[in-house]
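Pasting the structures here.
Note that subunit A is present in both complexes that follow, paired respectively with subunit B and with subunit C.
Here is the complex of A and B:
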């Protein structure tokens, strides 16, 4: 069955993005804009992780390390060397990419797959987090507070709307990358690797090369997100860019929406991002809210994996099939 | 000099060794004691892995639960952590069985990533429930023997660790007796080796799984109690513990209890010696390096069953 090669979904994406981009023109409340930005940020993380986990089946638990490396690199370069975060962002991204390539290559070279790969990436991320927490040059466990910068050319804006457009732009880029990878031969290779790597290799798919490629692309993108986080929230700390928290975000959003699909991460995290925010309206203290939110996410993650592994997109596909059968049955006779 | 063996006395390693011989001896002794305790944690982990092929990422958090249980009982009722073991065992067995029923059983047939995500979710939930109940700060429990030590030669043996190591030995011995001298233990081993054939001879796989998970959780809980007198406990202790257990299991071989003991000792000694000579932070790097080395050399472990 030949898949459609039209660019229609891509055009739809652009139109949707343009539509979404007009939101700041109507919404002037800083609070709502911040909510939208944080949701988009979460969506961005999920899309990046989806590339590696959903499409290629690599259980990478180190993406939060790349996030943190992006955030810390651009911030430290700005604070200590006055390098604009617009440039520092790429330095961080290249650093992350190099580490991702190195890690994946080592895992390929020593045939670390599946379960082992998850463990090694988890250990890697843990080591990075510990490294930063004990390294005074990056302020260790105190975190770095970004001072009020002045200018747009230092990746700082007084208003919220430019941040909104930046993160929206990043999301569109990531979705576009995913879209074009998915419909190209690379996408087929990645899916083959996910389904059965040995069989794919037997058919001639150079799995190592493409695993390294997808990890590199994903690390690069997620690093850019790290810099965005630093520049928007103005405070980075091993707890919010290097810990397991962002990884749970990625897992919940991607699994809930549907791993391995284009819109899965978007739908999944849009739902939970707003749910997260709604939870904070409950009349309990903020620490409790944060903790309860996290507990809820953990429970949701487990529930989804047990009951709905294909996520909301999978559910929607199943429903559409059922509806189609129903309509055919009723219209045919 | 031993004939044929290269003369290493001039190398940097030898120099460091000779300068720090006392530190190294101290490190080895502490390492053996800690290694036995790690072996306890790793045994539970490897048993769950061997019997039902499940990587329980939340195992470190089971240990952490044991620590907090010991802490609460100690603070509320003045119970010594070793006495709390009596309470912790049934609590953790029930908890383990419940976790198995709710979370692990439904995903038994599914691909490996499902089981990994589910246990990771459990890790996250337990960690945050503990934060919710106890807050995020670290806790310690002081006992009369927390700072006591026996001097033996040039080496100081911490009494708390000594007691802990002895308790580990007792529990591991009990586990050995259970697995090799009882009928049900034989059933457990059979399931670890050949689940289908075990079912074929009429062993109730479900009962075995429940028990294995419960026992694994209980051993983790006991380890948590043992460690409480000399360790600081905080909610984030789960991931480092489970990573250590994973390294030990990779060193010792999946599903192998003797392997867990061996691996535990290796990691314990390596960690202690590097802590003594360099720094505790460096010890983490060393453990990670052992992981890499094992994956390069023999991923199935030293005592692997192939």
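Here is the complex of A and C:
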């Protein structure tokens, strides 16, 4: 049953996306649309990271760098060369892909694996962040502010709803990519690499090639998300797109939802994204919301890694198995 | 016909010579046993052939082609497949999916991969565990899964690193039968084993290693009587149980 080739989940995905796409028709409040957009944006980041961490077991800690490269490349190309961000985002994506391929290849060449891969990628992200921080051409530590205007051909909209549809479209693309990778032989190869790279190699899996491939795809996608961030929030700075913040989003969403599952990151970050927003309504005395959020994330991430390594999706699966056994027992006797 | 040729293969780890100028061959359809005391370099030989280690000197040829410097996945695609002494199942995916990964060496798509894997599972008596996560298998099942994964790649040489280790006598008989069955298909088998009865009965020829050096090579009956082998490994003359 597991290996069934049915496309039904894909059609379900499209239907669900169409349903979610109608939200701006009913919700006119800018506030709520902004919340939905920010949740979808977080979900998108999680899906991209899940490909690398959840499916392949690569502990990449540099996806925020690819995010930032996407944001900065399209923005700088637009401001300095008048290149529409619709095109600039692909320049950024290819740049991120090239760097991801290079980085993963170097790690393969020198047999850097597991936690050490994490450390190398983390260091890479710090290098990129600090380069941008001190590079005047990209406004260094000042950051770049954009001005809202009515220019659809340049990825600027006056309304919130187009942004909503764009990020939803990106989410659908990323989910579709994950879906088709998972059901092809590539998905099996990625999981084999995650479970035991030596055993995978011994069965004819060219592990380095597939690790490079998955990093490239993931970096490409997340880089497009960077451009979206710049166009929607209109302010990019080494401390927002290039910092560890987005990486925390990716980790919390992916691990909480269920790493290595198609819907895990979607469920995980939908929950935490709204949770995040709900926290800001609480009357919290002297502590800032950001502090509360960070403390909560930290505690939740620790709890999940320790007690629920398969995330919400894993928990749901386990519960459904228990329920099925129960109901069988009752009906059988 | 010679399938696999080892020519003066040497592996040094710093000052230690784990394998010293090993020269031997595996013929088509042959079962070659490798025995020797712990630390004799048996597993190192497997790692050298399968590409996980590169020899310090010497060369390894498969059907006349030099495979010495190839990566493990390329060597597997040539038709040389191995198992690991300590089973390495892909724990969080099902038994079927474990075997499918090997089957993709020859399957064109996922459906065909699953069909090949199902056939292999049936042969290795694992069909009932098809949808179980591999981490939930028992030790004998894991041993058979190792074999199933390797078989799914459609090897011409199957290299088995202690397939009987940790099994009970009944399970050893089951495994022996399985291996004879595989051999009937014309697959050559290279087997490292400490369960003497199994390896002596199965093998056509045996290579004995001690401190990385080949101290004897020949038919099991000769090896059982060889004084050097008795001294280094057997302890006493190996007497074949009468049938």
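Quick notes on this structure:
Just so it is clear, the second predicted complex is superposed on the first by the 325 of 333 C-alpha atoms of A that agree within 3 Å, B and C clash if a C-alpha of one lies under 4 Å from a C-alpha of the other, contacts with A are read in each partner's own complex, and residues count from 1 in each chain.
Operating definition for what follows: a residue touches a chain if its C-beta (ideal position, glycine included) is under 8 Å from a C-beta of that chain, and two chains touch if they have at least 3 such contacts.
Keep in mind the model is a prediction, meaning the values are calculated, not measured.
Residue contacts after overlaying the shared chain place A:204 against subunit C, while subunit B stays out of touching range. Of the two partner chains placed by the overlay, only subunit C lies in contact with A:189; subunit B stays clear of it. Shared-chain residue A:126: touches subunit B; no touch with subunit C. Of the two partner chains, neither subunit B nor subunit C is touched by A:169. After overlaying the two complexes on the shared chain, residue contacts for A:110 are found with subunit B alone; subunit C is out of touch. Once the two complexes are overlaid on the shared chain, A:11 sits clear of subunit B and of subunit C alike.
Of the two partner chains placed by superposition, A:153 touches none, neither subunit B nor subunit C.
Once the two complexes are laid over each other on the shared chain, residue contacts for A:294 go to subunit B alone; subunit C is not touched.
Shared contact residues of subunit A, touching subunit B in one structure and subunit C in the other, are absent. By the touch criterion stated above, subunit C contacts subunit A in their complex at residues 50-52, 71-74, 76-77, 81-84, 88-94, 96-97, 100-102, 104-105, 107, 109-111, 113-114, 131, 149-150, 152-153.
Note for the complex: subunit A touches subunit B at residues 53, 57, 59, 61, 106, 110-112, 114-116, 118-120, 122-123, 126-127, 130, 134, 244, 248, 251, 255, 288, 291-292, 294-295, 297-299, 301-302, 305-307, 309. Against subunit A, the residues of subunit B that register as touching in their complex are 55, 103, 106-107, 110, 112-114, 116-118, 120-125, 128-129, 131-132, 239-240, 243, 246, 250, 281, 284-285, 288, 291-292, 295-296, 299.
Residues 1-3, 5, 183-185, 188-189, 191-192, 195-196, 198-207, 260 of subunit A are the ones touching subunit C in the complex.
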